[in-house]
Every structure is written in structure tokens, then in C-alpha cells.
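Look for chain A in each of the two complexes below; its partner is chain B in the first and chain C in the second.
After this line comes the complex of A and B, so read on.
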């Protein structure tokens, strides 16, 4: 047993050294997988722990993720307690010093943007609130670009020989966003000041960017599933002050939105909560475009 | 730019003046420059905003959580007569008090000690015949940065000998431990010692570990072998079948030199001295549509343990003694289904088997008084539960047991609450 173990150990150490030229990136959510791919290009080997069809609050700290974290050189997540139910287990069980808090390989995107929704007090009777603020920071391109800048610096520090490549990729990303902003103007103008009902308090950064007014949530409190009582209250609210659109994420149950839409005649839109195919070219731009176009099209 | 052209076209045909196209183009060019400037400005701000949010993430140091547990239990048989024929059990393996009673309230504090270590302690407050009992359920440190997948843990902790064994009682899917855990592990095996584990750098999860314990706590006993009486070896593997399905499987081996392990019986107290070996197998399968556990999920879990013991058993009151060769095994299989958010239901089947021998059967009946004769019974139990999890932090559970683990079949009903306050706990798989 002892001989076998040490043999395996040596082989594995060797195999590790062989693949040292690429950075292994563990992304908690697909948007960060997409960003790491945009900046890192083919010098990074990216894996995403979740998909756009999963609620990032409720992920299982499953064995495959521990195995991935064990091999990671770099960890990129939303942070702000979004992954509090599972990421700490992955960090503990993988015992990978590179991705532990405080090291260069530990990167929480929400550390680098201005957070919205910081609660005045921590009280769980208010639902699942995050003390650091709303963790869904990726829903605004401005946040994404801020994170991109810091990420470029961080990746350059970890892999100095690729600094120029990362900076070029970053420049390209910024330029493509600037181009897209112009292209999106008609949709952006159409959405301005529109009142929306959302499923979860998820889109605050997007709302700020597009100047959308969030007038209600389908969830009675953050993280709690919609109740019939709360939905009937929303019907009353909508009778007095009708919203323009009901928005829910594709991973949400569609029934509450459908019910409210049927009762009030308000159009609804299902949008992916994040990048669906992060391996695709321009995945981030494509996702923002999908969200904006879906919302703009749905509004009558 | 392709999608942009039809839009301009629509706009252009609406106004139907070619001049407007060039006007729009100009406007967009201006916007573009504006945005480029804004983005540039944003980038310049970056350095300023960099560490502003970081202090906050350390606001709870250490993170503290408190678990409240209580229940109303109703039994057909008197719970103090509970025993499982063929098994000498520890004191934590009986039934919970009848009627209203609080269970174990747990207070956990944990934090990174420094860049090298993490520490955690769980104190448990319970009730024993009207007296408040306090115990240190776990108190350990763990390394963070040894690298190469190696972790060392030292102190008092739950052994990795089984899947359920590593979970605190409040994380269980049923109000009580399965029969095989009650009969062999005193509901849960915790001891003082050290664990070294290694996770392989492969996409298939592979964990190999070894634990050395003092051997003080049931089913060990007496700090044998100069206080290094028990050791555990375990191997776990796991992975994903696809986006919706994941699995884990494990094998384990526990071996201990046991010195005077006492066990209360209905009439006396028995004491075992000798060698105890337990082999274990476990498998877990989880399914959720698209891997989204918010709405619905299913979890299938099974564990099997086989124990061989050889040595002597004596009775403390009478002083009678016998040689003892015990063979015992058992398993449980359980399924949990969350059929809608906040609502879960589960079924569990338990079974045990024992075949114990000694040289006294004709004479002094030590084995039968020590409750080590199976009495021709193959203990089994069927449990069903329904729970309402209003949030991640509260749970109300109703459980029914049809318990055939001893001669008089018992029907047990438990209504249990579990409330968690403080730091948001992270859940192991």
C-alpha cells in the first residue's frame, strides 16, 4: 500500500509540473469563466462551477468541484457571501493554498466594485440578505470592466510572461464594450425609466445602468419562494400602478411570473441570469445583448 | 455591427429622409466617444476602489452559529426499555426523551487562525434526566496551506469512518440516527486524535485518509495502547454523471484495541476488552434538474458496516466473564425528495444482523445478560418523514418510525424543530 501510494504521488507531481505553463482557473459562476477566458485566452484552462440554469446561492459542494479546486491556480467568484453555502467547503476540502483567502489566487469580484443594497442591519427576518451588499455585480457592464481591469493586473502578476497578451485582450474587451454600447442605444433608450417586477432582487446593477425602476419582487423576501398571498398583493399593486414588464431568470420557476402576467396583462420576459455558453467567443457581450434585446422586445 | 444596421434601417424608413441617417450616425459617433471616455474614467477609478469592500468580508471573525433543537416524541413502548438484541450499545444510542424535550443545542465558532490554520469548536448543551449537560462535541484545528492536497486535522472531531458520521445531528435528514449507527457507533463516532488526508490532483475526486484516535470514546474504550487505541483508514471517490447528477462512494476500515468498554444493559453493565474491527461502505447519489437545487432534488444514500470483535465480556455486578467473538453487520438505505421549494419528504429502511459467540452460553449466561444474544431477531426499522424548511435556517420535521429492532415492535412519532442562527453554515456534500 505504502509503495503504491508514493508511486502514485510521484507520478501525479510529475504530471502537475508538466502542465505548469497554463493557469488553471476555477470560476464560481459562468460570467467569471467567460471573463477569465476573454483576458487569459489560451494561457488559461477555465472551469465553471455553475451554469446559468442554477441558483448560485444553492450549489452542492460536490466531489467533482473539490477535485477541480484542488488543481486550481486561480479562483474567481462573485463573493459578497453569494457562495457562502458551498465555497468554504471546497476551499477546506481541497486544501489548495493557492486559492485560499489572502493569496493572489483568491479573487472576489465584488471586492472591486461599488456595492449596492448594503443592508442597514443584519436580520434574517428580512430574508437572505448579504451584509456586503448585493452580490450579483456582473449584471452591469461597467462593473464587468472594472473587474476586468483588476483581473488583468492579477493574472499578469501570476503569469508575468503573458502580461502583454492579457493587456491586449483587455484592451480588445474594452473596445468591444464601447462599440456595443453604441449599438445597444435603441434598446437602452426604449428601456429607460420602465417599471419592472423581478423574481429575485438580482438585477440591481443592471437596473442602475439601464435606469429601470424595480417596483416589486415576486419573492416576498429575498430567497423565499413566491406565495399566493404575496402574488395577490402584487395584483392589487399593479392595478393601482401598472409595471411595464415582469422579469425572471431562466433558472427560476416560471409559474409565478406566468400567473401574475395572466392576472394583470403585463408582458413578461425570461432572461438567462448569466452567460449561457461561456466558452463561446464574445460570450459576455452576447449575454448582455441577449438580456437587453429580450427586455426591449418584451415591452409593448 | 450587423444587428445595428437593420435598426438604423427601420429608423431611416420611418423618417424616410436620407439626411436623418447621417444625423443619427453622427449622434451615435458622439455617444461612442462619450462611452469610451466614461469607460476610461471608470478604469482610472479602479485603483481607488480596490480594497474598499475587503474589510467587510472579515466582519464576522470568528463566525459563530447557534443551533436550537427540540422535539415532541411519542412512543408505544417505554423508551428506557429500548435495546437492540445482539448489540452492546453506548449511552448516546437510545431513544430521545418522551414528550416535550429540547435536544442538543449546539454553539459553533470557527475562523481561520492565521494563514496556516483554521480552528473550529462545537459545544453541545443537552439534557440528561433534568440535569444540563455540556460537552465538547468537536474542537479541532486544520491546516490550510500544506499544499499538494494534504490536510492535517488535530483535536476532537467526527471520524470520517462513514458518510453520516461526519455530519452534525442537525444536518441529518432524519430526527434520529439509523439503527446501524446506533448499534455500532453510539449514534456517531467522535474521538480525540489526528487525521491526515490527501486529495488527488485528478478530475475524478479521490481522497485517501488516515485517522489515529485515543480510543477513549465508544465504540473504542479505555484509551488502550497507551492512548492510541483506534485507527481509521478511508478512501472516498466521487464525481458527476452529468450536469444534473453527482455521486460519491467510500470505503473505510476502523480497528481498535478496546480496554473495558462499558455498556449499560437492562439489568447490568457489561464490559468488553479485546479487538474491534469495522469495515464500512457508503454511496451517495444526488439529482436535481439542471443541477438547480432550489426547486427540486433527490438524494439517495446508503451505508453498510460489518464489525468483528474478539475478546472477553464481563458483567460488572456479578463479575461473571466469558470469551466473546462477535460478528455484526447492518445497513440503511434512504431517499430524500424535495418536491417543491421548502418541502421535503424521505423514506429510510434499516436492518441489522448479529451472530455472537462465547464459551459461557450454557453456564452463567453472560452473553444474554450483556444483551449480546440476538434472540432470533433481525432488527429492522422503517422511517418516513416530512419536513418544511421555511428558509435555509429553520426546519420543522414530522417523522414516523415503525421500529422492529427489539421483540416488542414500537411505533414512534417525532415532531422536531431545528433552528440555526448566526453565521451561514457551509454544507458538505
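After this line comes the complex of A and C, so read on.
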């Protein structure tokens, strides 16, 4: 009996230590799950609320989402109103003090990058416009590295005993991005100043990085599905000034892009909107590479 | 498999919302089936949605009491129109309900053509998410359920009169925002349909029992299998109804 009790006591101690050194991370999107995994390594236990095939604007409520938010030590999302349809109510339902706005466990990536597309005035007739700017900040590696730096500091503050590990992982990430940039140069050069038509106003940070010119969107206004009138206007626009590529995310409907491609002869490319398998090694790097290579290959 | 979602504080409010909705919808559902106006709840829910979008286009803010009153009012207008049509159209009433549904639904699309934010209100109204329900949201539905159940017990003849459409509009506007139109439709029709052969209190208690089994199994399965709760409950309600019907038929055969 005495042995049993001390055994139980030991196990309790062990389990407490394990839970103290592992941070439970709730990521809204797979790109932030990937980043948290890169920096946190095996000291973080990460879950992602959405996959690359889901539109992060809206998700269906599942009991596990509330359960995971309750256990979370750290919340990482895009922010800038991208998750406004479900994150506030999820935070309220979880009533977890650690991840509430203003606390150390609440981390919105868009707070730490220079936002593009900030509207001058709130005008709802302009479609699904985000007042804080375009929330799809992860589409540029420069933004990703900026967020990685702040994330490293934040995780180190939450778990000081792992500070060195986080800084080493961060260093490794920065270095691997620098190496990749050299490797990607031919594709980057090929894409420079190319004119693209996109489905949703999604890729602005990528466009700035690759110096792509977005000449049109398939959606008449952000969030509204393509209309026949708008599509025929696009055909006219393309006859006068032909774009080099039509780009849509794999979670978008492919039909409008196929229609425009068939009418105009412009090549098209379907690219994953974010990291597909965030648990894999170098998931972020792999995703940027897929995007660049797919775009470069599609251009004739 | 995932057991972390099996938490009474997560599933409790959703289950309570389901029970409140069931209590009234089983009573209303029997009447809906007897009158042969199966799709009336879809039409009335769309009417409530159309009212909200119309208010939004006029610039009325989308939160609080004003918008609730507008939703009630437009659902009531729809209900009164459909109630009057019962007298004028007789057996063609179901056709009119279908037309009303498509007019209200496409009317919202036309009003929303240039306003994607209005779409969010419509979606909130039609596809309410049962899991996000908070205890405080259950007060109004509780009051409505108490009143409707009391009327059924004390003044049953109201369910046979035109007043039925008023009760129906109130119950549907509340329940649709709470749990969404699919779940409302399933709660209204499935338990009432499989108990249609029974009468009065016996029918209602069996129907509520089937409904409770459906909500309970649906919520538990959605937690364990990590699937959206509303859709899972609809399927579990259907399965519970089917299992009940098959069991009863089987027992009848044995008795013969």
C-alpha cells in the first residue's frame, strides 16, 4: 500500500511537470499552427481550428473547439476581423482567462505587421471590407518572419525555461528562409511585374513581395460571388489589356476562373491558400515554395 | 475519437435549448402534419429573415430589440397571410407556402445583392449554431415554451384556430435564431410524424422522448466524432425516429 501511494504520488508529480512544461496552443488557421510548431518544437501541443480547404471567415461549431479553447495556454490567429464571425463567441463560451484579449496568451498576427488595404472610411457598400486592413498577412514570408520574432519573445515570456530552445528554432527558421530566397530567385524573377487576376482579394501581401500586379478580381466586391455582368466586363478588360495569369485558392470555386480562362486563353493556377499539412517539417517553407513554383510554372 | 468535448458545461446549454424547442415544436408539429402544411416553418423563417434584411437596408442597427421586433413582425405578416390563404385556397395552400418560401428567400438575395454584411445576419438567422447558445439566451424561449405548453393544456381549441399561426410565428422566430432552420424543421416534423398514429398525451410524450434521445445522442456523437453539432443532431433525430418506427412495427408483427 505504501509503495502504491508513493508510486501514485510520483506519477502525479510527473504529470504535473509535463503539463507545466508543455504549452497548449490553439491556432485559428493552419499557417499559425505551423509557425507555433516551428518555434515551440515539442514544448507546444498545437491544434488548428481550420484546414487549408476551409474558409476561415466562417466555421461550424464543434464541441471539441470549445474544449480545446478551455485548455489553451496560448491563442494565435490572423486577427484583423478575419475570425470575427466565430472567435469572439468561442472565447466567451470557453471563459478561459489566459486567452482573452489583452492577456499574454492572446496573439493576433496582424497586430505585428504593416497592414495593407486599410479603408479610408467604413463603407459597407464596398463589400466584405475589413476595417483593420487585409487580414491575409501570412501570404508574405517577410510578414511571417516579423510575426515569428514577436512570437518567440511571447512564448519565451510564457515559458522562460525554454527560451534558448525557442531562440534557436527562430534562428533556424530565419536561416532556412534566407537560404530558400536564394533558391527561389529564378521563379521570383520570372514572376516580377506579371499581371494577375485573382478570385478573392486575398494575395495582396504576396503580390507586394513578388511585385505582381493585381489587375482584377473575379469577385465583383470582396465576399460576393462572381456575377455574369462582372465576368463579361473582365473579358472586355482582358481583350484590351491581357493579364498573364488567373489565380484562385484551392478552396474557391474553380468555375469562374475556368470560364474566364476559356474565354481569354489566359493560363490559370490553383494554389493552396495556406499550409496544407502543418505538422510536417518545414511546413511553411514548403507551402511558400509550392505557391511560387505553381505560379511560375503556370506562366507561359 | 475525442472525449474532451464531452463536458456538461459545453453541451448543457445546447441540450437545454433543444428541450425547450422540442416542447413546443412537438405540439405545433402535430398540427402542421394534420393540416398538411409541412413546409410552413421554412416559409416563416425566411419571412423573418427577409424582415431583418429589409431593416438592415433601411439602416436599422442589426442588434437588440428593434431587430427582434422586426423579425417577429415580418414572421407574423407571413403567418397571417398563410393563415388567410387556408380559407381561400384550401388544398392549394401548400403550393402557396412553397411560393412564399422561394419569394422570401430570393427577395433576400435581391436586397443583399450589394451588401455582403447583410448576408451574415441572414445566415445567423437561418443557420443559428446550437453550440454557441448561452444560458441567458434561453429566457425568452423558456417564456414562450411555458405559454404555448400552458395553452395546449388549458385551451387546446386555440391550436385548431387561426391563432395557431400567431403561436407558430413566435415559436419559429425564436427557435430558428437559437438552433437554425434545419434543426427546427427536424424537431418539428420527425417526432410528430412517427407518433402521428397515437393520440393526445401519449403521442406527445413519445414524441418528446424520441426528440430527447435524438438531441442527446446527436450532441454526444458530435463531441466524440468532432463533427458540427446541428447537422449531427438532425441525423440522430431521424435515426431515433426510424428505430422507433421499426421497433413498433416489429412488435406488432410478433403480437399478430
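The criterion applied here is as follows: the second predicted complex is superposed on the first by the 281 of 300 C-alpha atoms of A that agree within 3 Å, B and C clash if a C-alpha of one lies under 4 Å from a C-alpha of the other, contacts with A are read in each partner's own complex, and residues count from 1 in each chain.
As a working rule, a residue touches a chain if its C-beta (ideal position, glycine included) is under 8 Å from a C-beta of that chain, and two chains touch if they have at least 3 such contacts.
Keep in mind that this is a model prediction, so the values were computed, not measured.
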{"item": "Side-by-side fit of chain B and chain C on chain A, or clash", "value": "clash"}
{"item": "Chain B versus chain C as contact partner of A:222, first or second or both or neither", "value": "second"}
{"item": "Partner chain in contact with A:71 - chain B first, chain C second, else both or neither", "value": "both"}
{"item": "Touching partner for A:61 - first (chain B), second (chain C), both, neither", "value": "both"}
{"item": "Touched partner set for A:119, first chain B, second chain C, both or neither", "value": "neither"}
{"item": "Contacts of A:267 with chain B and chain C, given as first, second, both or neither", "value": "neither"}
{"item": "Touching partner for A:85 - first (chain B), second (chain C), both, neither", "value": "both"}
{"item": "Chain C versus chain B, contacts on chain A by residue", "value": "B"}
{"item": "Single chain B stretch clashing with chain C - from 37-45, 55-63, 253-261 or 325-333", "value": "325-333"}
{"item": "Overlapping contact positions on chain A, where the chain C interface meets the chain B interface", "value": "58, 60-64, 66-68, 70-71, 85, 89, 92-93, 124, 127-128, 223-224"}
{"item": "Interfacial residue positions of chain A with respect to chain B in the complex", "value": "5, 8, 12-13, 15-16, 50-51, 53-55, 57-64, 66-68, 70-71, 79-81, 84-89, 92-97, 100-102, 108, 110-115, 124, 127-128, 131-133, 142, 145-146, 149-150, 174, 177-179, 181-183, 185-186, 223-225, 251, 253, 289"}
{"item": "Contact set on chain A toward chain C in their complex", "value": "58, 60-64, 66-68, 70-71, 85, 89-90, 92-93, 124-125, 127-128, 221-224"}
{"item": "Footprint of chain A on chain B - complex, ascending", "value": "1, 3-4, 7, 11, 28-29, 31-32, 35-36, 38-39, 42-43, 45-46, 49-54, 56-57, 59, 112, 115, 118, 142-151, 199-208, 236-240, 243, 246-248, 286, 290-295, 340-342, 390-393, 421, 424-429"}
{"item": "Residues on chain C engaged by chain A in the complex (per definition of touch)", "value": "2, 4-7, 10-11, 114-117, 119-120, 123, 129-132, 134, 219, 222-223, 226-231"}
